[in-house]
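So the structure is just underneath, and the comments pick up after that.
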Amino acid sequence: MKKILILNTGGTFNKIYNPIYGSLEIDKTFNALEDIANKWLCNFKILNIIGKDSLEMTNQDRLELLATINQSKHSHIIVVHGTDTMDLSATCLAEAELEKYVVFTGAMVPYSIDPVEATANLASAYGYLQALNSYGIYIAMNGTIGSYDKVVKDRVNGCFRAI
Amino acid sequence: MKKILILNTGGTFNKIYNPIYGSLEIDKTFNALEDIANKWLCNFKILNIIGKDSLEMTNQDRLELLATINQSKHSHIIVVHGTDTMDLSATCLAEAELEKYVVFTGAMVPYSIDPVEATANLASAYGYLQALNSYGIYIAMNGTIGSYDKVVKDRVNGCFRAI
Amino acid sequence: MKKILILNTGGTFNKIYNPIYGSLEIDKTFNALEDIANKWLCNFKILNIIGKDSLEMTNQDRLELLATINQSKHSHIIVVHGTDTMDLSATCLAEAELEKYVVFTGAMVPYSIDPVEATANLASAYGYLQALNSYGIYIAMNGTIGSYDKVVKDRVNGCFRAI
Amino acid sequence: MKKILILNTGGTFNKIYNPIYGSLEIDKTFNALEDIANKWLCNFKILNIIGKDSLEMTNQDRLELLATINQSKHSHIIVVHGTDTMDLSATCLAEAELEKYVVFTGAMVPYSIDPVEATANLASAYGYLQALNSYGIYIAMNGTIGSYDKVVKDRVNGCFRAI
């Protein structure tokens, strides 16, 4: 078994409902991934960084993501990321030509609203990493898994698909 | 992307609560996998066979499973199976030396009671199959994924682990 | 048993997540109340009107609510309503001095996100109506139940309380 | 508002799934009622006694229930009870002719499997008590609320109904 690091950068995956404002916001306690680990009876290391909706991510944030991956002793990494700019962050990492196995994932529906899609995306990334043997940057969303430049968000249908 | 067939044989994964008897029983409508497909926004082919708790599976059932896999045009197959005799069915398939990629999965907790573990097990099998390039029989449970003879049920702790 | 009519006017109770826009909106299929009826194994008549967030309710809408109640053959009525202007609609009905038993309820958290608070609010209104023997306009929220002018939204703590 | 005591005696309401044995058992931590209180944003006093499936309740247990109610300073009490012998315990209390308002409730489906029916039963009992003005022993289940000898379990359809 490969040891996997999950870098949690925020995004819809981590959104929770705030009853006072009637709005959805990033859960700063980041309970979603710990809840999955507990229920799945599976240990993986979780590191929370950035903590933003992906529309608010800056180049500075992407450099922080790159540096965190670069400095990590883990070679197998899942990045939980907002869906809107997942492609930008993945491209940024790809240009660095890291000798790492990195799979981006996220969710169209917050884990706290319905856990199925978020859990399935994450676990498919996890399974993919266990069998993967080529360095690179990948995306695993809605059952579509492949190189980061072959999996895109379909904004009309609200899911990711292969191109 | 590899096209994946899910063979659903029953087991805890598919159990639902019957309020009249106060008991858990296999859901003969097999809604769990369709529910995952709908929420995950992911298409996979589902074939329901046998429909039993794995303690009730017979050699006849295992031959049916083997024949179904053998005759399928799919080379990448997930078998959803009860946890108690998953090892027996996997061994039975391994002895047939099929030129197929087969991953067994299942659940310690019924999908209808809490969807997270069942969904994560299934999706990890799905992701593993997408990157796998050696024929064989595998087990994916609780984040432990590997050859069928290296992943076992830990009956004391109620989860699967590597040996 | 008193026969109860539920007038569903919309509000947070009926909100669902739209994954394409990442926003919460009133579910125009109004599935929440039917889902409660099915799971509670309880029959009550549901009538959907207005279908708005309560901040968007107009005087015209309130007159429609009043007319619907006035013309109904039911004397025991639950009004599912958004929380922000529940007091305004209740006051509007109270001024009409109807010979009816009317309990307003709603939710701080959408039923689709977590069903417990919405279900408890509705069922407490239902139970209250079964034992009530004074005409009037009441509010039942977060376990606080009483005359419409004695139960208010506490916007700081995000719940209703008695005054 | 009347202050309400909830006497939790166990029953299906409190059952949770044990993944090691694949069975349902009474949750000895009694989290269900606290979870409802937290999500409903409602304070009520909870006292856990007996902790049994109602088929296993003895006369001794019923005397304990009677004594607990008799000695309580609360006059408005909800008894959470298993459905199979709810009528026996209610009859036992009725014979004592207490000057109390007591509503029995419970669940056909465990709160941990699906919270809606259990929550609705409990909250309807709570609402009923707030408006009630005659001493007595009542049952509130599946939207049917009335004197303990007028509400019965329909074992064929798996719900309670009026007689």
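Order of writing sets the labels: A, B, C and D. Residues in every chain begin at 1.
In this section, contacts are C-beta pairs under 8 Å (C-beta built on N, C-alpha and C of every residue); 3 or more make two chains touch, one makes a residue touch a chain.
Note that the structure is predicted; figures quoted are calculated from it, not measured.
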item: Interface composition of copies subunit C and subunit D: same or different, split at half; value: same
item: Separation of subunit C from subunit D, taking each centre as the mean of its C-alpha atoms, in whole Å; value: 26
item: Rounded Å distance, subunit B centre to subunit D centre (Cα mean); value: 39
item: Subunit A-subunit D separation of Cα centroids, rounded to whole Å; value: 44
item: Interface hub residues of subunit A, defined as touching at least two other chains; value: 108-109, 114, 157-158
item: Complete list of chain pairs which touch one another; value: A-B, A-C, B-D, C-D
item: Residues of subunit B touching subunit D in the complex; value: 12, 17, 19-20, 22-24, 108-110, 112-114, 155-158
item: Contacting residues of subunit D [partner subunit C, same complex]; value: 1, 35-36, 39-44, 108-109, 114-117, 119-133, 140, 142-146, 157-159, 162
